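As written, the chains take the letters A, B, C and D, and residue 1 is the first residue of each chain.
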Amino acid sequence: MAVTVAVAGASGYAGGELLRLLVQHPQVEIGALTGNSNAGQPLGALQPHLAPLADRILQSTTVEALAGHDVVFLALPHGQSAAIAEQLGDDVLVIDCGADFRLREEADWVRYYGSPHAGTWPYGLPELPGAREALRGTRRVAVPGCYPTAVTLGLFPAYAAGLVEPEAVIVAASGTSGAGKALKPHLLGSEVMGSMSPYGVGGVHRHTPEMAQNLSALAGEPVTVSFTPTLAPMPRGILATSTAKAKPGVTAAAVREAYEKALAREPFVRLLPEGMWPATAAVYGANTALVQVALDEGAGRVVAVSAIDNLTKGTAGGAVQSMNIALGLPEELGLPTIGVAP
Amino acid sequence: MAVTVAVAGASGYAGGELLRLLVQHPQVEIGALTGNSNAGQPLGALQPHLAPLADRILQSTTVEALAGHDVVFLALPHGQSAAIAEQLGDDVLVIDCGADFRLREEADWVRYYGSPHAGTWPYGLPELPGAREALRGTRRVAVPGCYPTAVTLGLFPAYAAGLVEPEAVIVAASGTSGAGKALKPHLLGSEVMGSMSPYGVGGVHRHTPEMAQNLSALAGEPVTVSFTPTLAPMPRGILATSTAKAKPGVTAAAVREAYEKALAREPFVRLLPEGMWPATAAVYGANTALVQVALDEGAGRVVAVSAIDNLTKGTAGGAVQSMNIALGLPEELGLPTIGVAP
Amino acid sequence: MAVTVAVAGASGYAGGELLRLLVQHPQVEIGALTGNSNAGQPLGALQPHLAPLADRILQSTTVEALAGHDVVFLALPHGQSAAIAEQLGDDVLVIDCGADFRLREEADWVRYYGSPHAGTWPYGLPELPGAREALRGTRRVAVPGCYPTAVTLGLFPAYAAGLVEPEAVIVAASGTSGAGKALKPHLLGSEVMGSMSPYGVGGVHRHTPEMAQNLSALAGEPVTVSFTPTLAPMPRGILATSTAKAKPGVTAAAVREAYEKALAREPFVRLLPEGMWPATAAVYGANTALVQVALDEGAGRVVAVSAIDNLTKGTAGGAVQSMNIALGLPEELGLPTIGVAP
Amino acid sequence: MAVTVAVAGASGYAGGELLRLLVQHPQVEIGALTGNSNAGQPLGALQPHLAPLADRILQSTTVEALAGHDVVFLALPHGQSAAIAEQLGDDVLVIDCGADFRLREEADWVRYYGSPHAGTWPYGLPELPGAREALRGTRRVAVPGCYPTAVTLGLFPAYAAGLVEPEAVIVAASGTSGAGKALKPHLLGSEVMGSMSPYGVGGVHRHTPEMAQNLSALAGEPVTVSFTPTLAPMPRGILATSTAKAKPGVTAAAVREAYEKALAREPFVRLLPEGMWPATAAVYGANTALVQVALDEGAGRVVAVSAIDNLTKGTAGGAVQSMNIALGLPEELGLPTIGVAP
């Protein structure tokens, strides 16, 4: 029996990626599509790649439009999810691709978002210890941010195995779709192509406390995170270089073993064979994360590199993966693991 | 019951795309993978995006390795298919992604390839009038060239309806994967990015006679083709601008009507609504062709623009589509129609 | 003695390129910089590559701000140049990078721009027969459009030598800076990278009548132009493929000879040796046009391919070249002829 | 009176960039150009952007060809410079763009290059304290590596002012020209475009000891460096994110002041106004480094971001800057400070 699904924010990049995956999901029937500024327009005019849904008309994002579905995906600007979720009822699976319910500490939320904290929902990163259990049967999911997904998948084996100090230094490069469809001068093709630039430097990017939250939970103590995001000349993909100081006596073999053990049975995370390093192209459009790790003995640091597609494993694919778990469907159902390359 | 499939040339771009599609095809079981210069290596080292096949070992391309499968895809340099096909037996479906069996006229072959003509197989462009019938039950398929696929899908409605003169002028831009994995200086990323350049100018590109063959068959008279291919800074995609002089009295309405009629029921070709024009990004990784057409009344020409993914609809997707038809499977089985965008 | 120069529209791409060249021009002293929506801001915030001018403050675009300079460059939306030029006086050299004064026929202007025709100024394409003479000493210059520059430089030798019929079919690819800094969804990096798309298909692009004007003047009869522009995933560059039916009896040798003769002494146009084809990367940031030509004997067409940087030779470089001529300076002064490659 | 210059390795990317700059240098006369595998070919066939030198014929790289010039630039694979330099005589200014003479410690050289250490020449990074003095009048210059240039310019003010601990963590993204023209599969355009990937992870990249050498000299104690280079989908540019733990009590104001003081009078390094961050596009083809810095108080780290063009300030421009100093010419002569943007 099909699961009926509504998508709020269907005209954006996250919404488009959700629909790309959901159309190909064997158990899903796509219901209402909403998008405020584009309500009334056919989806084909806004998302020309979604040919099978070209004639669907966008509705306004209202509880009325979204109600009556088994699952509602919210791909909205932050701050809008709580009010909608409250009115949808506890039996509807609400999956929030925004930030509203990711952070546990109110102080973190207020500091980084400057508005009242809406609360905390089960966190949709099934690979974290204990996360799958929390997701099974839940009717609320907070989809992780794209950078925290890449970084956490890269570093959690090291923290879970107690191999590194609580001080991570992370630099990540993201494709431009991570910034959404907003019309900003620095996102114009003319500005982006052939150029790399940082933003949110110095600890001010909103994904910083989410990374710290994930790593601290694993470490059992507060982990400080220095995070620098950069914008790369590509539409999709995140490459995260995540480093942490190795604890005394940690060997390369111990690091390898920890990663092999942590990732061996993950369907969507692949530890590459030694000598290979991840490229974002290999996960283009796939729900896969590629991970590789090294111990830099000179610098005394563990260096993990992870590659994901920010829109797939980093947002919409991760959301569908959590949906599958929450509904008791096979976790891998409808999710591509092969990238579109070259 | 699964169809067993072998792929010769699995380490190249066409071979990799065949495997991306075949892994996701519900009726296919992937058998032998071959690749001469890389025999003995695991596929994961050569095609890191094909995670589920990472541990498969490439064999040498021999009849022994390829025999015993229901279907054999050949993604080899031209000139090598005939000898293999002969020894595989008439009951094996052999689908040649190379050029060897595309051209009907020996003189065309000799002029453009300079070697003896191997023959002519049923032509794997199902959208052409009569092509589906010829493909049903066949055990030999010549997959069209990527440019001829894009151009023919763009112009065939005009020629089939008798709206244009037998003189086509075509300029197309291709992503670099169309040139394969060959290590040539002009294909280096440093040379390609930020740059466009033509090649094979003046009627010397080998896809020229194939286009002329297709259009002439539709026109019922010889069509001359001026074709200029250009290399664009993108990994995938072909955008073809195909123009032909309109016959006297042809109106924009007549052109529109002819295209609507010709393309209405094609599962993999989409005539865009008036006012929209195709972008290659919308068909990234999809087996879809997007087409739009205009009558330029000042210049007296019909201008058709078509966008495909050169590796999907232009090669591997078209090949799988023909496989489906030849085997009596649903034509759309296992073929994505949604592009990975943005 | 230095020439004082003002630039109206200094915050846009054409204005920025003018300044890049003018800073390095040994005879120029840069005066007022204007830009309406950004008036009051330092140039460094808008054009971070123009380090030496970072602290200059943009003024509003008024006659007062522009008056008192020897030369005024206008890089404004069309329709605004006439009023300003009138008030600047006849002794000021006004160089309009916009379209207002390019077209000779009022009917062409009205049809393509839908507003009253401002008039016609000497046309700043010095390579055209007679153009240098008209530019010497002039105080008004209409800078050609970027596409007409590329196309005319590619085809004028064929028309000037009477080798081709009055029917040209042209397809060109442009980098995104040709569309300016306007915040439009289809110009976002996420949309542009990895994608090619056409626009203004069917004779509706405003550069079409300008090309026809140039080619008709050379042919001595009306030339029809079928022109299709496409947007390419690169910030700069135009690659134009311009074809025209060869007149009966025209040989490849005659074509080559005509091009060699027409281009031999041009400082900014280079006919490539036979066998080489132009790439836009080779003229990145240079005022150079690269041209190559072939006779396609099968199709009976002359095929010329030309590459320019749309912002340099296609706009700002061409404008400075015309300034040099108008002021009696050496034509090549201050203009780079080497591209930034790879 | 002109300085005569020879370039060994003129067919590569570093050689091409040297020539682009040297052609435009008012005091330079270009003499012999050499390139082993391409000897006998015209430069125009190999470096089509260098139009003014198109007809120059490459010679073999021999002492005979290079002798008799005032300056010889070596853009050769490492290990070849010592033998040539020895025979050129002490009065010739030899500027080595390779690695041979960069490292002071023989052990570093042997560990990272595995061959005998050739020695140490004056280091061509004039911005370092004391470096200009060492370069004045010298006849031997070791041009820094591109990554060490970017990283050192980003971090030296912090180390020179004693603000940070001797433990740096650095991640940098480079355009593909940094890898040269070698024909390697991972450098193909199809592989590079739309993708980011790391390489040389874990302290094995050869630029690591050079960074450590520079920073240690400033710190007055050994600085450990964790360095991860990544390959970005762009032809040129390096964006380096260089972080180091702040010493206790260091304030944001102190950091800003140190950077302002260190960079105030540097002609080729620009500390951006607060709130602006560097983009590589802004220095495309320019000899400029853009730097910005922040104190991340949460993580307790100084984060410096620097952008250079790897071929200009990172190689050829830096080499010409050192030539100017060595010869007593104005340091800025012939060197562009404006990037080609957008």
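The rule is short, and it goes like this: a contact is a pair of C-beta atoms (placed from the backbone, for glycine too) under 8 Å apart; a residue touches a chain by one contact, two chains touch by 3 or more.
If you want to know which protein each chain is, UniProt gives these names: A, B, C, D = N-acetyl-gamma-glutamyl-phosphate reductase.
In this text the structure is predicted, and so the values were computed from the model without any measurement.
Chemist: Measuring between Cα centroids, which chain is at the maximum distance from subunit D?
Modeler: B
Chemist: Could you see whether C-D or B-C has the larger number of C-beta contact pairs?
Modeler: B-C
Chemist: Per the centroid of Cα atoms for each chain, what is the distance between subunit B and subunit C, given in Å?
Modeler: Here the centre of subunit C sits 37 Å away from the centre of subunit B.
Chemist: Distance from the CA centroid of subunit B to that of subunit D, rounded to the nearest Å?
Modeler: 45
Chemist: Mind pulling the residue numbers of subunit A that touch at least two other chains?
Modeler: 13, 175, 177, 188, 190-191, 193-194, 233-236, 278-279, 281-282, 284, 342
Chemist: Going by the contact rule at the top, pick out the subunit A residues touching subunit D in the complex.
Modeler: Going by the criterion above, the answer is residues 167, 169, 171, 173, 175, 188, 190-191, 193-199, 201-203, 208, 224-228, 230, 232-237, 239, 241, 243, 277-282, 284, 292, 294-301, 303, 305, 307, 342.
Chemist: In the complex, go through subunit D and note every residue touching subunit C.
Modeler: 13, 16, 20, 23-24, 44-45, 47-52, 54, 177, 193-194, 235-236, 270, 272-273, 276, 278-279, 281-286, 288, 290, 336-342
Chemist: Hey, which residues of subunit B end up touching subunit D in the complex?
Modeler: The contact residues of subunit B facing subunit D are 13, 175-177, 179, 181, 183-185, 187-194, 233-235.
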